[in-house]
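One chain, chain A, appears in both complexes that follow, with chain B as partner in the first and chain C in the second.
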Partner chain A sequence: MRFIFKTDYMQDIRLAQHAGQVFWYGALMLALLAAPWLVAEYWLAQLTFILIYAIAGLGLMLLAGFTGLFSLGHAAFLGVGAYTQAVLTNAGVPFAIALACAAGLSAGVGVVVGLPALRVKGVYLGMATLSFGFIVEEVLARWESVTGGNAGIRIKQPDIFGWTLSSGGAFYFLCLLITVLATLGILNLLRAPTGRAFVAIRDSEISAQSMGIHLARYKTLSFALSAALAGIAGALYAHKLQFISPDQFDILQSIDLLLMIVIGGLGSVHGAFLGAIFLIAMPQAIAMVKDYLPPTVGQAPGLQGLVYGVVLVAFVLFEPQGLYGRWLKIRTYLQMFPFYRKGMFKRQKTFQKSDRLR
Partner chain B sequence: MQLLQLVISGIAQGCIYGLIALGFVLIYKATETVSFAQGELMMLGAFGGLAGMTLLGFPYWLAVLCAIAGMALFGALLERIVIRPILGQPAFSIVMLTIGIGYAARGLITMIPNIGTETHTLAVPYKDQIWNLAGLVLNVEQMVVIAVTAALSALLYLLFRYSKLGLAMQAASQNQLAAYYMGIPVKRLNGIAWALASAVAAIAGLLLAPITFVHANMGFIGLKAFPAAVVGGFSSLPGAIVGGLVIGIVESLSGFYLPDGFKDTAAYVVVLIMLVVKPTGLFGEKLRKKV
Partner chain C sequence: MNNILLSAQNLSLRFGGVLAVNNVSFEVRQGEVFTLIGPNGAGKTTVFNLISRIYTPSSGAIDYLGPDGLLRLTAQPPQAVAGLGIARTFQNIELFEHATVLQNLLIGRHTQRQSGFWQDLFFTRTTRQAELKAREKAEDVIDFLDLQHQRDALVAGLPYGVRKVVELARALCTEPRLLLLDEPSSGLNVEETEDMAFWIADIKNDLGVTVLMVEHDMALVSKVSDRVLAMNQGEVIALGTPREVQGDAGVIEAYLGSEGDVSSLRRPAPHAGARAA
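Let's look at the complex of A and B:
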């Protein structure tokens, strides 16, 4: 068992709690840096997608997992970022400026979406964000002079200070750099007063207000940051695919993002990454298992949807803390062996948080 | 005259949204859970009617009755197996659960060889008939939708007003603890609420089948039922129907009078306006939350 003896406040908020974490995350970073030479081109592309979806997942995790504001239309921000990057890059704007504009415009749209959020809660917020998602998708499809409508746009490759990133490996390093920066940013945000304010808003808005947290400001900030991250992810997504169209950012993409953070583990930064790994690995796993199933089952087009739905239902019923929660349970079991008790992670059912109280 | 024509077709479409929203509000009133699976239940009901007529060879009326009864049973089973263990969890979990159920149902239907991936027509007896009434051209399919919705609303009103079951459901939705004290079997009523909501969704699917044909993506039409429920107010059953009618009429008029592309987004713009002006909806009740 590991005992962490704290003598200092900084130990509470340090990024790495103990030497073991430094070792393992260092090893992970080394493995990720060496990836282009270790894995084949195709798997490197999948790893790049994992990083891109992880950035979007970080944004949605900040909004839904840490602030408790559930957004059913997050793909809209992804789309805004992607299209901004596409339009600006095709017009010759340098990559870094285009990325900043994509993030900024997405953040602006996030603030606009967040404005009704200040007045409504829970399922109504879900409806408002769902509506925004549809409206943004329709705007992207109809504004043909800028976005090219339903035919989509082709995007040139990213061009950083005159150095065109044409190979998969170079683009992978770009995504890795942005992911690491985004993760460090989010971790820093969460251990700062702003992050604690977000968590307070999630746990009880009225209590947060009585502690002096300005709800409107922090909710808007949460929407803006989350949308900015989704915008950055969308921009990288556009560069990766080199072709985008409005139907890639519809409600199914929003549900995929939500699926990702719920299965990964709501309320943890690890959850975004684990969810992204699940989202990208599941189609690959299904493709590999397909050949062993009878043809009526294996070749059916709906198999992926069925597996996603069943896995989501199973996770919500049996493992609500997601993949990261399961890892926490395993790690606690190993750390406390043989003193692990069965009820350590039991869920509390709360009926007091009902919206109907008479 | 054109306006009246548009309004009538808007009312017909709005009745479909209203029926799905009705199921949605029923579940919300009983268990305070938001169910995103209503659209897929509608799709399953339509496929059930199709299966009854093609696979089992039933005549139309028998297939319809079997589809409705089958979906009611399916809804009750769904509640018992999947929803009941999850009550008391945060609302988001339940939303994700019903989204997952919808996903799985859509995937399952698409997996059925030769039937799932195609678009089918349901051979209804009143197919493609037209009435000419005082200069209006009325589509009989749309008239049937309006008539059935009106009849169903009247039936549900009578159920909730005069029958013991209806009173018990109202009691359970208003104050669950007091209902438990009064000996009302609340859990069983939740199952009945889900069964009723699924049956209503199946009726909506069977009514929609002649208009949009039966295919696996029918459930997305049900997404417009959420604006209907928001406009009417989440805790109000007549509000669901009224909200549906409002959304249907707005959609129909904006499809004709506004430029291209506004037809699909009009419903969502109405929702946003409603949420800004009157978040609890036209007939909803304002509630305060305790810490």
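Let's look at the complex of A and C:
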């Protein structure tokens, strides 16, 4: 059991709360930096995908997990970013500028989509974002002069001021750098007034407003940030696959993203990463065990969808806090061994809220 | 001392066919505890929601002596109210459940924020300094209301009585000039209600904050309030010191009904001759 003696307010403000965190996150960082020399090309590519999905997941986590606004059309922002990057890169724009444009355009679209969020909530916001996702997918398919339509477009390799990133290792480092920067940015926001305003809106709009928080401004900001991160992820995704088509940004992709943060653990930054690992590792795991299953099960077409569905239902029923919540429980169990009690994470029933003000 | 901090003039609010508040006028003086009482549905909370701009009155207006002089409160947007120094608590507690007590209090410092979005994103010196200052202020409030033990606890795990105090603490963190308390003692036990009475007196005397509250517990009301306004069915029925209002015939009628109501319910005495037969 670790006891932290607090003698200074900075201890609460600092990113790392104690030396153990510095050690473990440092070790993780070293392992990630050494990865290109440690793992095979294929697994490095999977790791790159985890980083890319984690960036998109961070964005969606900020929106759904911290501001309480659910988006069922987040793949659209991924698509806007990917296509902006593809079109600009193919036109010869340097990587950094194209990436900034991808993020900026996505954020702009995010602001527009955020407008209904000022009026509708819950399931209705889900419907609005869902239909937005369809609109974007359709635009990408029909605007053939720019997007190449359903045939898709190829994208050149990233070119950072004359230095072409041709190897998988170099691109991996680029993704790692952007992931670290995005994570630090989100962590900074969350320990500052802006992030607290998001959390306030999630938990009680009425009292957030009475604390002086401008609801419309912060909801729009959350949408813009979330979309910008998805746009960056989309741009990297396009570079990674080197070929994009509208069907990569359909409703299934949106649901994958949402699934990722729910399984990872809503309302935690760790959750975005754990969810991304789950999302990329799951198909691999299924492919591995497929051969050992009886052929009628192993070769059945809907196996992956079935496993995803079962896992999601299981999480909602037994571990609503997601993978991160499960990890917290395991950690507490180990720290307190043998004094862990079963009900330690049970919360008291939420008291009735004033429905009249809704 | 007798400066008017807030004055409501002929406030009315209509929800469809219901006149929730009907032509209500009152003035709150600086440095007093002003209490609204009345039976359920009298329109007390609605008056609160008019002041905190959750509702806009159908007619009438509210004037408020802000930090920069007199202004028309009913023309301000809802999120501007906190910045003018009006903080409130809610009847059914509206805390940020999945945040710690400390984070709740820091959200109360939102109106005093000094950093913008970009400064927050990079956590610059400005943000860091402002955070430290906000933290110090929150710590003052924690000391004032004895919340030290709950500082890092999640609100979702706290008992009802503590949540009430946390909500009061969050309102105090905004450094209010006018504090609106919606039933501060509802759901509290006797000891907690006594603590609440002391705190309200301290808030008035030590912090110099004007308090406007809605309260049903008459013991608490007469202990802390300077003036009381009684309402019934959206209308003002009495205004004065707690003693005056409690003795007012209209108030007694609103709570207990009139003599006529009671006599009409009384069963006629059985006729003496009928029993004999």
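To be clear about the criterion, the second predicted complex is superposed on the first by the 346 of 358 C-alpha atoms of A that agree within 3 Å, B and C clash if a C-alpha of one lies under 4 Å from a C-alpha of the other, contacts with A are read in each partner's own complex, and residues count from 1 in each chain.
We adopt the following convention: a contact is a pair of C-beta atoms (placed from the backbone, for glycine too) under 8 Å apart; a residue touches a chain by one contact, two chains touch by 3 or more.
Because the structure is a prediction, the values reported are computed rather than measured.
S.K.: Of the partners chain B and chain C, which touch A:Ile50 in the superposed model: first, second, both, neither?
M.R.: neither
S.K.: Identify the partner contact of A:Ser204: answer first if only chain B is touched, second if only chain C is, both if each is, neither if none is.
M.R.: both
S.K.: According to the stated criteria, A:Gly267 is in contact with first (chain B), second (chain C), both, or neither; which is it?
M.R.: After superposing on A, A:Gly267 lies in contact with chain C but is clear of chain B.
S.K.: Could you look at A:Ile13 and tell me whether it touches chain B, chain C, both or neither (first, second, both, neither)?
M.R.: In the superposition, A:Ile13 touches chain C alone.
S.K.: Determine, under the contact definition given at the top, whether A:His214 touches first (chain B), second (chain C), both, or neither.
M.R.: second
S.K.: Give one of first, second, both or neither to describe whether A:Leu236 is in contact with chain B, with chain C, with both, or with none.
M.R.: neither
S.K.: Hey, is it chain B or chain C that touches more of chain A?
M.R.: Per-residue touch count on chain A favours B.
S.K.: Using the touch definition from the top, say if A:Ala102 reaches chain B (first), chain C (second), both or neither.
M.R.: After superposition on chain A, A:Ala102 lies in contact with neither partner.
S.K.: Should A:Ala82 be classified as contacting the first partner (chain B), the second (chain C), both, or neither?
M.R.: It touches nothing on chain B or chain C.
S.K.: Looking at chain A, which of its residues have contacts with both chain B and chain C?
M.R.: Looking at chain A, the two contact sets intersect at 204, 206-207, 347, 350-351, 353-354, 357.
S.K.: Once bound in the complex, which stretches of chain A touch chain C?
M.R.: 9-10, 12-13, 185, 188-189, 191-197, 199-200, 202-204, 206-215, 221, 267, 347-348, 350-354, 357
S.K.: In their shared complex, at which residues does chain A touch chain B?
M.R.: 64, 70, 116, 119-120, 122-124, 126-128, 130-132, 134-135, 138, 141-142, 204, 206-207, 251, 255, 258-259, 262, 266, 296-297, 300-313, 316-317, 320, 347, 349-351, 353-358
S.K.: Across the complex, what residues on chain B touch chain A?
M.R.: For chain B paired with chain A, touching residues are 32, 34, 82, 85-93, 95-97, 99-113, 116-117, 174-176, 216, 220, 223, 226-227, 230, 234-235, 260-261, 264-265, 268-269, 271-272, 275-276, 279, 287-291.
S.K.: Which of the residues in chain C end up touching chain A in this complex?
M.R.: Listed in rising order, the residues of chain C that touch chain A are 49, 52, 54, 78-83, 87-88, 90-99, 102-103, 106-111, 113, 115, 117, 119-123, 127-128, 130-132, 134-136, 139, 154, 156-160, 163, 170, 174.
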